[in-house]
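Got a structure for you, questions after.
For clarity, chains are labelled A, B and C in written order, and residue numbers in each chain start from 1.
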Amino acid sequence: MAKRIDVEDLNAWYGSFHAVADVSMTIEPKQVTALIGPSGCGKSTFLRALNRMHEVVRGARVSGQVLLDGQDIYGEGVDAVAVRRSIGMVFQRPNPFPTMSVRDNVAAGLKLNGVRKKSELDDVVERSLTMAGLWDEVSHRLDRPGGGLSGGQQQRLCIARALAVEPEVLLMDEPCSSLDPISTLRIEDLIGELKDRYTIVIVTHNMQEAARVSETTAFFNIAGAGEPGRLIEMGPTTKIFTKPDDTRTEDYITGRFG
Amino acid sequence: MALVGPVALRRRSVSRALLGLVGAGAIGLTALLFTATPFQGVLDFVLVAYLLYVVAQTAVSYAVEGARSARNRLALTLLVSALFLALVPLAAVLIYTVQRGVQAISPGFLTHSMNGVGPLEDAGGAYHAIVGTLEQVVIASVISIPLGLLAAVYIVEYGRGRLVYWIRFFVDVMTGLPSIVAGLFIFAFWVLGLHKGFSGFAAGMALAILMIPIVVRASEEMLKLVPNDLREASYALGVPRWRTIVSVVFPAASAGLTTGIILAVARVTGETAPLLLTAFGFDAIRTNPFSGPQSGLPLFVFSQAGSAFDVAVNRAWAGALTLIAIVLVLTVLARVLTRRNVLA
Amino acid sequence: MTVAAPASERLASRSTREVRRGDRIFRGLSVGSGLAILAIIVAIAVFLVWKALPAFHTSGLRFFTQTAWFPDARPARFGVAALAFGTVLSSVVALVLVVPVAIGAALTLTELAPRRLGVFGGYVVDVLAVVPSVVYGLWGVYYLVPKLIPMQRWLDHNAGFVPLFQSRNDTFGRSVFAASAVLAIMVLPIIAAISREVFRQVPQANREAALALGATRWETIRMAVLPPSRSGVVGAVMLGFGRALGETIAVALVLAASFNVNFHVFEPGGNTIAANIATKFGESGVTGREALIASGLVLFVITLGVNMAARGVVYRSTRIAEGKV
């Protein structure tokens, strides 16, 4: 189920602004890979390029290869819709569909794919919410609007929604940055549980978080304003946080800038 | 257990070339249809070819890419078509009016009135109407700009509680007021109630009623855009509130305020219905707006358009061209000023 | 330039009373302007009712059932029934024609078009909104009406069993349908502009949520854009409806006025309250004008109701969009 991602020479632009330059890396399956770095270093842009969400922004484009188990998601004849369907995403701010109920939010992706039978949908809704650790809290109010939940619950609802379509990879863009510490802890625990089944890539601002949840860490940086973000160093999380090879990484993790 | 299972990333899709082929096929088939059946006309041709194309494109997409993509393609095609359909009448109105207007307009049109012009005579012009419109719009502006601006100041700077709610609510009501009702009101109040008779001034008042809500709304938006820091900086210097509004807030919002006011002027310049009941219309030049009926450019167009004679209809087109030219110049002017607006 | 006195001295010398007076005057002026707006609306209602009373007195309750319009005849016979019917009918037909186009155009501008085209669309809407109604009317009579005839005839011949498409005398032209087509073009900018604003209010996060689930662009629109926009768009349509109900000059030019109540929208004829005021005002006597004022009062009440309902809906929807409800 979980797949491996090989990125080769990835560049990303917004219009004429070069946001990410020459990134190559391998993301292992059934692991959590954390992307860290200062604001504007291109880590979120890089993440969005991994499931072709980058090109949703007007004027945005990408060059290079992203191989999902050997198949280039930017290759000829590859359908961006199918890519996003197999590589799920959770965003910085929880974004449940505001007019839909909790149940409909989770079932939304399945309905798109033609699953209509109520019993099947109900099964998946329960399974996904259980996986996201939300079932006990919302099982009695599945028909209430998703927007009525607390911030942390909304974020877990969004995770359940992403899991419901059974993706192979889960991308998370600072999923805890808008949450309180207790909700953050719950989501971090959840990530630990999910990595047995998925390839997880998480962007985070919070170095402790990266240290807590990830096996591998990649550090991004920019040389200056207007310059593109680059991958500086990637390796086992323990190594990156204890004795990184690059002085810039060391400066960042010891809090000298960022 | 997986309901949807892993998906293939690569999918068969309809290429540009195939779409082109479908398009060519639709046009060809339509051409064939037009030679074989009594269909005719450019409009019909475009319509039939378009329908054929949409149907064929959806069918091809359904066969190659599946139902979801076919639905997507169909929906997006219809959405884009809606935008084009919306642009067609605009182009048609402007092009046709300019064509007919240019044919009909003559140098004398802008310098002569309709005084003593016979029904079949190819003479006369809109000079008296242009003078009337100018005076009426100036009167409307003199009444509505200070009133509207000050009301907006109250809403943004002073207003609190119920009164602001009611003023905003009534401005909304006024925005939706049909222009003919504004005319009827001035007729009932000024002409019938106060026995003042028809006049350019009455028309100016009716136009002012239509202009006030536009001015209030535009000014309100602009004043709200002025950052509070500016006001506080001024208070901190000990400048009284009213001075702050006049010499700090107004200048900061001035480009936006001017844009809003110009657009409001453009909107009321074209109003016909209220003039009918207040200025009433007059064939000769009347420069005094305070006594006796007066003409106005929109009113001139309306009355000439209602005639059965070609010479009058031509004058209507010439008048329409003049009117469009005036309001378009004002709109473009407003747009240019918007670009200078530092707040927007 | 004078040398500034020490601060303490200035505080003392510059009488705070003077400052207060300036503030009081300015505040008074702005409150007065606000109150003037209230007064104008009240005056509109009062004067219309007052000057319409004689007409109501003459016709009694039949004012609401009578279709004919002979207020200056002896005895006077007039009523607003056919006019009110024609007003609502022509506006409803206009909405049927324009709503899909306006919403489609707005969606294309916000969801599909490149940003530059979106800006251009804004210009176009501005221009459409500022073209005077008399120009639309003139264009309608001389350009649009003849263009619509073949289509109406075709529908009559092939679908004439539906009363809506049937013309009983096989003539077409200056019909309610033609007037509705012109009205549709005139209210298009309002509905499109407000809908566009409503769609723009939908947070990008909503769209991304749908796209990230593997939704196509159309599915994204249906899932993420339309549901939260529904009441705002309904409000936009109702504001357009209010505008169409009150439109005068274009309808007066296009319609071949007649006072009947039927659904044969392709037949020349039909009339609306506003157009009737414009065409009859010049030739009316005292009673005639009072009757026109009475009909105008009815129009005022109808549009007031529609607009208030529309504002309510839009207000509620923006509150929802801002997360206040």
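One rule holds for everything that comes next: a contact is a pair of C-beta atoms (placed from the backbone, for glycine too) under 8 Å apart; a residue touches a chain by one contact, two chains touch by 3 or more.
For clarity, every value in this text was computed on a predicted model and none was experimentally measured.
Counting only contacts among the remaining chains, removing chain A from consideration leaves everything joined as one piece. Two chain pairs are in question, A-B and A-C; the one with more C-beta pairs in contact is A-C.
Centroids built from CA atoms put chain C at 12 Å from chain B. Rounded to a whole number, the gap between the C-alpha centres of chain A and chain C is 47 angstrom. Across the assembly, chain B contributes 68 as residues in contact with two or more other chains. For chain A, the set of residues touching two or more other chains reads 81-82, 85-86, 112-113, 165. Among all residues of chain C, those that touch two or more other chains are 216, 219.
Residue ranges of chain B in contact with chain A, taken from their complex: 2-13, 68. Across the interface of their complex, chain A is touched by residues 114-115, 203, 205-216, 219, 223-224, 227-228 of chain C. By the touch rule above, chain C contacts chain B in their complex via residues 19, 22-23, 25-27, 29-38, 40-41, 43-44, 47-48, 50-51, 100-105, 107-109, 111-113, 121, 123-124, 126-139, 141-144, 147, 150, 185, 188, 192, 216-219, 221, 239, 242-243, 245-249, 252-253, 274, 277-278, 281-282, 289, 292-293, 296, 299-300, 303-304, 306-308, 310-311.
Contact residues on chain B toward chain C in their complex (touch as defined above): 41, 43-44, 68-69, 71-72, 75-76, 78-83, 85-87, 89-90, 92-94, 96-97, 100, 146-151, 153-155, 157-159, 163-164, 166-167, 169-182, 184-185, 187-189, 192-193, 209, 212, 216, 240-243, 245-246, 263, 266-267, 269-273, 276-277, 280, 298, 301-302, 305-306, 313, 316-317, 320, 323-324, 327-328, 330-331, 335. Residues of chain A touching chain B in their complex: 1, 68, 71, 73, 75, 77-79, 81-83, 85-86, 110, 112-113, 115, 120, 124, 165-166, 168.
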